[in-house]
């Protein structure tokens, strides 16, 4: 099978680099165009980019010349790691020119005709793109920490109907991109505030777990109360959850429900799909990000137990720049093609 | 005024060292006896002790000979930093011999005739000691993370009547003592479990905020749901809270209620009493442990805001080995004396 | 080809776990016996072991029963991750019983008939085993930080004749095993002392780079001045070197000499052999352990430049528990077999 | 005594903030003017400044309005924490306008008529200012890591005559200012390169330890070979030294020489002067930055021992933003006044 040429928007940034890395051995896609801001365009990728991944820059892209955001692109499929401050307009423009834009930015996530897609959870939302009037389309994935909340809550909400969620997060510095958080700010510290993060975490999951009615997403009705904190770890977001449901089941059954959760990517055996979207840990000391998230596309959940106030409490962890960002976008592109949409 | 000779039980441990440090310039007490396990007894303190404080060992105790737990002590007042595994029996024995034991251990906290004392919050509980039948008495302070929850919730409960609490904590490694948490376990990691910690955090605050009826504490009735995590910071516990109350007031009023909170130690101007037991931060990036807890006896609270699920949410931080341990015990001893009890 | 059953001594420790992990997909060996102290013997590996690797325990060993050090073993080949305090006697005993012991412990390294082997550097030293009078044999690899010094200095010494070395190291906490260094000791700190480490680093490289004369190793004569420090990183030892040589060449030539260095494992294409034992970095910000050592069997060297005092200075980094420990032992076993020795 | 009004150049930066903090309780100086770039000028200090110190902003400066670098200043004495990129011109201009500029920037350090002053070491160099033709004067302190090398080497050079130095440093992130080093770059990592740092460390100590001949500094002649590394600690620079001398003495005598070292600030009992400029540690695990540098104005030295290659090796540590920056400048100003120079 011939691999599809793809472009990466924001290719020199932290998410862009993760796209480059994850695409290196991808069976369907190959990195054909690297796009970045004016400051980088015209340079060799290896010169334009302050590479922060812990593997070498893939041979194939090393000497590729970075294109500017204003240059025409040939790749039908674009992965966007653009900063939200510029993503709105650029992504729209690329869609107008006929590209399929698989975006990790927050700009278009809440628009009524843009799928906020997690293929295991709401693959049916993908058909929102049919309402988009541009020749190309925009498909988005969720905020990094939202991803893990949504993956864990999806089977719970489907079977037990969630009525409220409390979430308190501990988030890695890589979530802020590069240079992101100053070491002088975060070493030996906790920063109890991440701009706009709680708003995303309180609204995105409800759209993701919402139901499609007459081609509109009716958001799930349960409220989410979020508190987001930055802690001195490199990769991996962790959160504690308290969840109340309408139809409570014993903790053991909830645990089974989560470990047996599976969706479209698993059925279709998509390349980036994890075997299990949710991995359940029984050891009380798990999940630990250092041990469980290594380039994983799963959410890890542990310490599932009864709560004195609501029905359940538990801990969830995941890799914020893999499943929480670039990996999520790759899976979305794979699902788009598997569903028979064309480029 | 002549300073009172005091003994430190568990003097070579992490809490014991903090006692030694905090006593160095104390106007009422001086360190007269250092007590530790067999392994250390008979040695000079400076040889017995793997000193971990960031100041020098106070001159006065350097060459003091460490006594064993089985040796008779002369100091009427003892501060106990004993490990809970041995504290129960030793502290009881010292009380039987007539010593006033101010304990940081968890062993006796929930006994009906032992005050679990935070002088700002429940100074009236102190009179439980009158029910103790031993010649000496035992007075305890709370678990480290409980302290900050209790300080913040005390004025809220008194004025608004708390009906439920959700707490998710991020706790420093110093809370586990020395050697405590292996660096290989916690660097770049979160450990989502601390043995027995959630149990303490779910029960101790209710006793502390309970009411004295016929010389028994009737615990506060609100349930607490706790999730405790260890993170890679040295000192300082941080927690996010969600609180529901019976009589809600606007956020601004809650904020005022907290910043104006004051109690017995403030009125009596006790030496270890902070000016304000609760410091309210307005900047959304506060409180940060690196900036706000420096040997402080206060709880710092910030990000007080409405919650979509219950009434309020907020972040609380404090110094776990100062106000959360040794400093709390010192304040308890000062309150004991201020109340007119004798040694 | 049938895989050879091997035993791991000290299987529950940090090095033992790395052996288990590296053997999972090894084409020549498979983990047949796990041996540990009395405390662990009789238990399932998964219960006996506080697994600290960031991958799952390999399926194959999960439910294997751990054997005691006093039980007879069937595997002809044993990898020893025993603590040096017990390695001397146990390893000797196993050799007496006919096992080939590939040891990572320091106990036997300096014995006249035991090869202190780095196959790229001194494969000829392997024949020292022929002087061992036991039915089995003992082969050792070097101390972790010594490994990277020796790999880099080998080609320099061979071509230019080293006359003195200054080395200052920054070593990861994993080098101290588990639990090893307390987090309370090392977070936000440098510990400027590692017991016995400087002695090893000042003597082992001279033996490794020594010449075989009449079946004895005559150590290289240059002196090494070592200063070893522990820093708060998880994996990866870094060191700065100053090197004086007899026959100086331009820096560029030295750089070429290092990058072209290759030895027996490369020629024989041994499974654990890196393509290049020494990788030369040109970017002044390299080598960085976070980026270059990922489970690598190479030493990384960078910032090669002239020194105002002696000939050269440079920075060297490597993975202390892979090439610096378990991986080194695996390569030694592969070299042993490639050389035609039997089990 | 009336306190002298001083201005702080670069008042919102990391060094500027340290000036503000150290001046809070200074008996001779008080902070009268805060100067920063255009971006900050006109704002209240508390709004202009991202305060990173771990104490509160001193009450006195909170609502002070920040002045621009082009505004005329009234304070006769200015402390400069300006970035080197702009310090050259601005400091010169202020000196032309008659201000005494006590600078922490590197711009003017190597100019023939500017003292690179460490009052314990080269107080006689101060008279170089008499050669400056401007109405005001410029006095500089050394680079942060240079300071600790110079303090330790001064008594050695004076008594034993140093003939060469090897230094390998481990430097805290605060040395790079704010925002400085990205957390994503340095967490769990070592960066083996700090731009321009080795050049400073190889030249500044020679000027500092140089001798004044006919109003010119003749630099000390020994060569210094420096290798500088950034490690993940907040405050505190550590370095290993190898030193060769002309007139060797036993290690014990060297140790005494260092601990008895004292200079002009000690004699004059200047406010910022430490009791001992060099503190000698005997415990091999010392000096540790977490334990010994707490806002200290001393260099800490430990592990003094013989070296196989040259005469001595040892470890040195110090607080890079206190003695290595703002504190050094304060001491220089105090020495300037003590020497009878006027404002």
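Every chain is named by a letter (A, B, C and D) in the order it is written, and numbering of its residues begins at 1.
Methods note: a residue touches a chain if its C-beta (ideal position, glycine included) is under 8 Å from a C-beta of that chain, and two chains touch if they have at least 3 such contacts.
As the structure is a computational prediction, the values presented were derived from the model and not from experiment.
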{"item": "Most distant chain from subunit D, judged by the mean position of its C-alpha atoms", "value": "A"}
{"item": "Of B-C and C-D, whichever chain pair has more C-beta contact pairs", "value": "C-D"}
{"item": "Interchain centroid distance [CA atoms averaged], subunit C/subunit D, Å", "value": "41"}
{"item": "Distance between chain centroids, defined by C-alpha means - subunit B, subunit C (Å)", "value": "47"}
{"item": "Where subunit D touches two or more other chains, by residue", "value": "52, 187-188, 232-234, 290-291"}
{"item": "Subunit A contact footprint on subunit D (complex, rising order)", "value": "14, 52, 173-174, 176, 178-188, 232-234"}
{"item": "Subunit D contact footprint on subunit B (complex, rising order)", "value": "51-55, 187-188, 234, 290-291, 294"}
{"item": "Complex contacts: residues of subunit D adjacent to subunit C", "value": "164-166, 168, 170, 188-193, 202, 223-225, 227, 229, 231-234, 236, 238, 240, 242, 284-291, 302-303, 307-310, 313, 315, 317"}
